[in-house]
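Chain lettering (A, B, C, D, E and F) follows the sequence in which the chains are written, and residue indices restart at 1 in each chain.
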Amino acid sequence: MSLTTLIIQAMATLGGLGLVIGIMLIVASKLFKVETNPLVEEVVEILPGANCGACGYAGCADFAEKVVAEDAPLDGCPVGGFDTTKEIGVIIGQEVSESEKEYPYVRCGGGIRCVDRFDYVGIEDCTAVIMLSDGEKGCNYGCMGRGTCVRACPFDAIFIGEDRLPSVNKNLCTSCGLCLEACPNDILMFAKDSEQVHVQCNSHDKGKTVKAVCEVGCIGCKICEKNCPEDAIKVTKFLAEVDQDKCTACGICVEKCPQNCIEMR
Amino acid sequence: MTDSNKDIVIIIGKLVLISVIASALLAVTFVPTNEQLKKNYAEARTSTLAEIMPSAAEFEAIYGDTVINDEGDKEILYYRAKDSSGNLVGYAFFRKQVGAQGMIEVAGGVDSSFNAITGIGIMAHTETPGLGSKIADDPFKSQFTDVKVADLSLSKSGGAIDSITGATISSQAVIDALNEQVGDIKMAEA
Amino acid sequence: MTFTISAPPHKKENITFKKIMWAKVLALMPVVLLSVYLFGLPAIGLVAASIFAAIATEAAIQKAFGQKITIADGHAVLIGLMVAMIIPPEVPLWIPMIGTVFAVGIGKHAFGGIGSYVFNPVLAAWLFLSLAWGSIMAPASYPQTSALFELVLENGAGVMAGVSPLFILLAGAVLIFRRYIEWRIPVAFFVTTVLLAFLLGDSLSYVVLGVVVFGVLFIATDTSTSPTTKNGRVIYGIVCGVLVVVYGHFANYVDGTFYGLFLANCVASLIDNNTLPASYGTETFLQRKYRSIVSKVPFKDRLEVFLDD
Amino acid sequence: MTNVYVMEKIPEKIIIPLKQHDGCLCTPLVSKGDMVSMGQKIGDCDCYDSASVHSSVCGEVISIEEAANPNGTKVNSVIIQPTEDVECVDLTPVKDVSASKLVDVIKGAGIVEHYGTPTHKVLRPEGKQIDTVLINATSSEWIGGHYDTSAQYASQMIDALKLLMKAAGASKGAVVLRNDDLESINAFDHLRVDGKLLTVAPLMGKRKLSYYFKDMGSDIIVVSQERIYGQKILDLLTYNLTGRRVSFCCDPTDVGVAICGVKSAKALYDAVHEGRPYIETVVSVSGKVNSPKKILVKIGTPFKDVIDACGGYMGETGKLIANGAVTGVAQYTDDVPVTKMTTSITVLSADEVIRDVSIDCTHCARCADVCPVDLIPSRITAFADQGRFDECRQMNILNCVECGRCSAVCPSKIHLLQLIRYAKNSIENAYEDLSSKESPANLKLGCGCSGGN
Amino acid sequence: MAADVSLFQIFMDGVFIKNFLIIQFLGLCSFVGVTKDTKSAAGMSGAVIFVMTLAATVSFLIYNFVLVPLKLEFLDLISFIVVIAALVQLVEFVVRKNVPSLYRSLGIYLPLITTNCAVLGVVLLNVLNEYSFIQSVVFGVSAGIGYALVMLMMSGIRERTTLVNVPSSMRGLPHAFLIATMLSMAFVNYFGVIPL
Amino acid sequence: MDPLSEFIRGITKDNPIFGLVLGLCPTLAVTTSIDNAIGMSAGTAFVLICSNLMISGLRKQIPASVRLPIFILIIATFVSIVKMVMEAYFPPMYAALGVFIPLIVVNCIIIGRAEAYANKNNMFYSLIDALGSSAGFLLVLVLIGGIRELLGTGGLAIFGTQLVSIPINPITFMILSPGAFLTIGILMAIVNHRRAKKLARGG
């Protein structure tokens, strides 16, 4: 058998095979055609693919669908961060600008400095404690330090420290916000790194009540309010709040606070 | 996925084109390599035969009835091994056997009285590297030199051959190949 | 006055994991003593080395990973003891030590410690040892029971677990009676083995070997590696029985027990996942199958399937 | 016949929570400084799912504020300082006992089941028809009220059952006794109802209530069965008694069964025959107190005073439990009042408090073996622990009767029941969120309250 | 020779003794990727059984009725892989259309059946072992069943291990491989003793 | 894109085995000894480089809907050519590597890199990527092969030269299939552990 015959035969065979398969596939793709939006697939490819649900949708594919349908915000994926948002923006055709990353901030300085009303035996979970009573701390607004937020975090970024208060490892945190949702007392809030002054308390109780149970709770004495040169701190319902737009981080309130519950980072 | 018939034709065309080019490439490579392969194969056979039957000087092929290729060559069943003076000293053979992964081609020699194996060789195999592939190594092969046909079984079944650890199937396949082929030759010669 | 708050119930049974473990260790003691009598000093060395290695490994791992050290719960001791009991007594001492290091290190802690492992560490260690050093691990003799009195003292036993089926059976019976071990698995197992052995024509005495009894009472009932559902445990017992007899029929019941039970461990989770009881537990098998099939099809697809037709 | 003591001493203050039931909070009808008399209605609400609240003493309202409640939460309560008077509002027995009037009487008298649902809501659920009324006497047999003899108990129960049936418009009714409670069984046996002789029938195997209704040719029967422990036993009880299966997120009223307790039956009896609202109840005090007993107290009496009436604490107290050591709620203060939902008070000493540390589940399946409703608690709680509540729901977690046996037998000392409740709570919350905003197509949780056989 | 190998032996080989996943290390990508829950594992196994059987059949036909007569054996690898690729694509279309949820959870792995060594392995082993038509098909089916068996076991175990605590650094693949170690230990010697 | 970092990426972050978890089958199957590991990596590297170049060059011509079959076609062609050439002209090498060659076709690394990289980047970067991935693959294979050979046979040998030998009773287990799973499992755990630590430190 000559070389030419062999080559021709080989070509014919494989070519024929290719032809048959090509036709078959085309027919099949027509037959089982599924309407998909190509944009959705492109978005899916960009997303991290962890299916963590931090966006509030059932997995990355679902989020992609919603984004394309403009039901979800472009920056809805906290895990992917700004890069992902930008890329999604490119696909969908919208401009996005970068915003500063936010981390959970613990609005309670109590922990071991706040009295316990009873002795608790049971599962380590703040919600579970609340189900049994109004919470073990004397303060109804404070952190119980039972770690519901720790368990809610899919990235192991929160841990309960020695002072029975949660702290956040910013290297691991993806700002997904699951811990904020999980906290039964709404103690966590998002704060940017540039926002330096925070009130470490969440209690709307009267000064006397707070003082009875907590060494560092805000008693609503208004000293900070009076001393703030920028008028950036206000006491409402016995709790001081910092207006971050006005705050210049001068540190006067931190010094003046009799309860040491204003913190400068 | 595709919008028009034209696209479809283009896609199929490209698919076919690539297959055709691929096959052409393969065919072009195949022809010279195949020639070389045949040469290698023949050489390997000759050298193996000499190795497993050092006493023989000449091997006379015994052909079967089956035609195996276009040139009309017949299947070689086994070889009669003769020494330099032309006396029959034994029989040599090649045999394929299913191993743990695929075919094992075993070469073997047996003395003229079908009493003992003179030696074996492994021509080709695809056994698991590191386990079954040890059948091609000397520690295993040398066990067969001058072993009695009667003892041709694994040591755990009372024979003289120690199986390779973890590769009982491969070891057994070699032994089976030898046993069966010796039996076949015995029949043919009887 | 500070009161304690906890969820109900406020009164609990006084049983702990620790208690169960030590009870098992205690229950095995007669057999160990008997085998020391039969095998002599090497048996003591074996048990000591094995338990020592188990405890040391557990302590080392828990220290290294900053966990609480839980040697006192007796689990490591039990693993050490059981590994020693299924190894031939005449092996060099490094064998049981490596075995228990594997059992505690890989078999138990790499999988997450107590309750988290899916494969019995003791069996895993035995399999590891016999795959690694097959020739050393082969017992000097396999029991050839024929007479019933050998139930009390098996003369041909090659490992410590095999010296006395009756002692182990008694120990197991006591533990079952105290509800320290599960009864469904052993019962299903024995019924299956006896039936199968009868059908295959094996001598019935084979299936009441010390090793087999030990395996099913102390290894198969290991809670982490067996199903939790009631039906699941019965099925698991049957599976154990079938696998042990299949191997035992063609090779020997000593190896067969360990290989068979280990293979049963592999399917235990699958059994567990598929025998979950229905609402109020009253559902026939067919109903359950139907429900599981229907529930596996997501709601949307179910609709589509109907609509397509 | 167990003796019931009557608490004579009037406590220093009475705390009456404005919500002693599941449902809406009542609005106070009095204000600080008002004088109230015994039986006066002090809280009411227009909602159908709430019951009125009455003052149990005469005295002065000293404040209306959030106060601790035995179920662990804080509830807006009326705090009354009692005076020595025992002046009572006019108690007029109800003459006209038509069905619709009865419901009003029940609501007006503030009768609430001990499991929390207002009785009128059980008997006349909105949009549902009740055909069978059951009085469950399996767990709280004697503590419904103050009886003189056991025969009085039996006859009052039967009478109350008739009233309940009438209120509900149901055709059949049954009293369910515990089969080892011989005293009650003897009391009911050979009782004549409508000229027919009653016999107490044991429930066994397939012989459910419907069998005995037919067998005895009577619409009112008394049966006995084993005791079922647990806080949420209604569904299981319904299934055991009638064979009707209650789906998730439904209650027995969905399958036409109303379950009442002895306490509410007795309260109804009193309301109808004496016109007295629900202002006193019997609690049994047990554990480490100097003289444990059953005691009739006024609703709103703080636990502290009840315990003092029983001789005070014995030794150092570790735990104070309302509603029994098996399923009850531990209290962090003894300043909580006895409410309509309180059946017993248990005191544990400090060294009786269980403080075992949980270790990992060893899958020993002891919990699965003791579960009365065939769940796999170990698995459910593992899911619950990880927040996988949807899977919990698929494993029928809502069938759980919260009997706590699983926790009691667990060798790993895992807080199984607490985890289960935690998961149930989360599921219920998720339900509320979901049903409001999701479209029905996505609601595959599907609450198909069809019930029936 | 191959012809005298009984079908039962081929079956046992395919399912147990030469189990593709844990003895021969073929098809591991899907083994660690799609066994997180039983449903996906079952779906994947179904697809693989189907593709394997079909691939064994079609490749046998192509090899023996096209390539061998034309002396084009050297095209075996390329033509087999093309056939498999086409089959996989076909399965993908069907799954995507009819069971979208399965398609979503199989994700990237469905196209990877193409490069699932297991499927090509079956086909190549068939040629290597010179199996007849029936033998080829049986081997294809049994290899698929073996694959499915281990996939199910693995997914059962992994589903259960989500309930327990696995050390953080072991979580995910390392844990999967440890389970595979154990499965492999269980298989490696058990069925070897059974005379066929 | 910096070519050097692209190359390094193939060894570290996108390491075929530990990073992308592709190509496990050959990794486990052939790592019974260092020899085999090197052989497999060499074959894979050759095919990976060729196919990456080819696909990258043709990427504009390949219709998306039949992308996969075409990639595979190209890869299979290269594999077949390598096999035939090697078998004919380098028989000793073929004897050592022959059995691995068909396995290369189904090595997920090649198709994976083709999909994920070569299909989107130009020929130069595809080459760099292929080189990086091959290097990463080689390193891991040699590591696993080394561990298994050392423990399983009590010594290390490369192409017949004995390098190390340790006085232990050879652990046959390591050569058997469970040994492969165990080795890679433990190695991956170590990699995971280090990665998690690095992340927590802020890497």
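By our rule, a residue touches a chain if its C-beta (ideal position, glycine included) is under 8 Å from a C-beta of that chain, and two chains touch if they have at least 3 such contacts.
In UniProt terms, the chains line up like this: A = Ion-translocating oxidoreductase complex subunit B; B = Ion-translocating oxidoreductase complex subunit G; C = RnfABCDGE type electron transport complex subunit D; D = Ion-translocating oxidoreductase complex subunit C; E = Ion-translocating oxidoreductase complex subunit A; F = Ion-translocating oxidoreductase complex subunit E.
The structure presented is a predicted model; accordingly, all values stated were derived computationally and were not measured.
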| item | value |
| --- | --- |
| Shortest walk length in steps over touching chains, subunit B through to subunit C | 2 |
| For subunit B paired with subunit E, centre-to-centre distance based on mean C-alpha positions, whole Å | 28 |
| Gap in Å, rounded to a whole number, between the CA centres of subunit F and subunit D | 68 |
| Geometric centre distance via CA averages, subunit E-subunit C, whole Å | 31 |
| Separation of subunit A from subunit B, taking each centre as the mean of its C-alpha atoms, in whole Å | 65 |
| Residue list for subunit C, restricted to those that touch at least two other chains | 3-7, 106, 110, 112-113, 115-116, 128, 131, 134, 298, 300 |
| Junction residues of subunit E - those touching two or more other chains | 24, 71, 74-75, 78, 82, 85-86, 89, 100, 124, 164-165, 168, 170, 175, 178, 181-182, 185, 188 |
| Overlap residues in subunit B, where contacts from two or more other chains coincide | 1-2, 11, 15, 18-19, 22-23, 26-27, 30, 34, 70, 126, 128, 165-166 |
| Pairwise chain contacts, counting only pairs that touch as defined | A-B, A-C, A-D, A-E, A-F, B-E, B-F, C-D, C-E, C-F, D-E, E-F |
| List of subunit B residues in touch with subunit F within their complex | 1-2, 7, 10-11, 14-15, 18-19, 22, 25-26, 29-30, 32-37, 40, 44, 126-131, 133, 165-166 |
| Footprint of subunit A on subunit F - complex, ascending | 65-66, 69, 73, 199-203 |
| Parts of subunit B lying in touch with subunit A, wherever the complex brings them together | 1-2, 8, 11-12, 15-16, 18-20, 22-24, 26-28, 30-31, 70 |
| Sites on subunit F touched by subunit B in the complex | 29-30, 32-33, 36, 61-66, 69-70, 73-74, 76-77, 80-81, 84-85, 87-89, 91, 98-100, 149, 152, 172, 175-176 |
| Parts of subunit A lying in touch with subunit E, wherever the complex brings them together | 1, 6, 9-10, 13-14, 17-18, 21, 24-25, 28-29, 31-34, 59, 61, 156 |
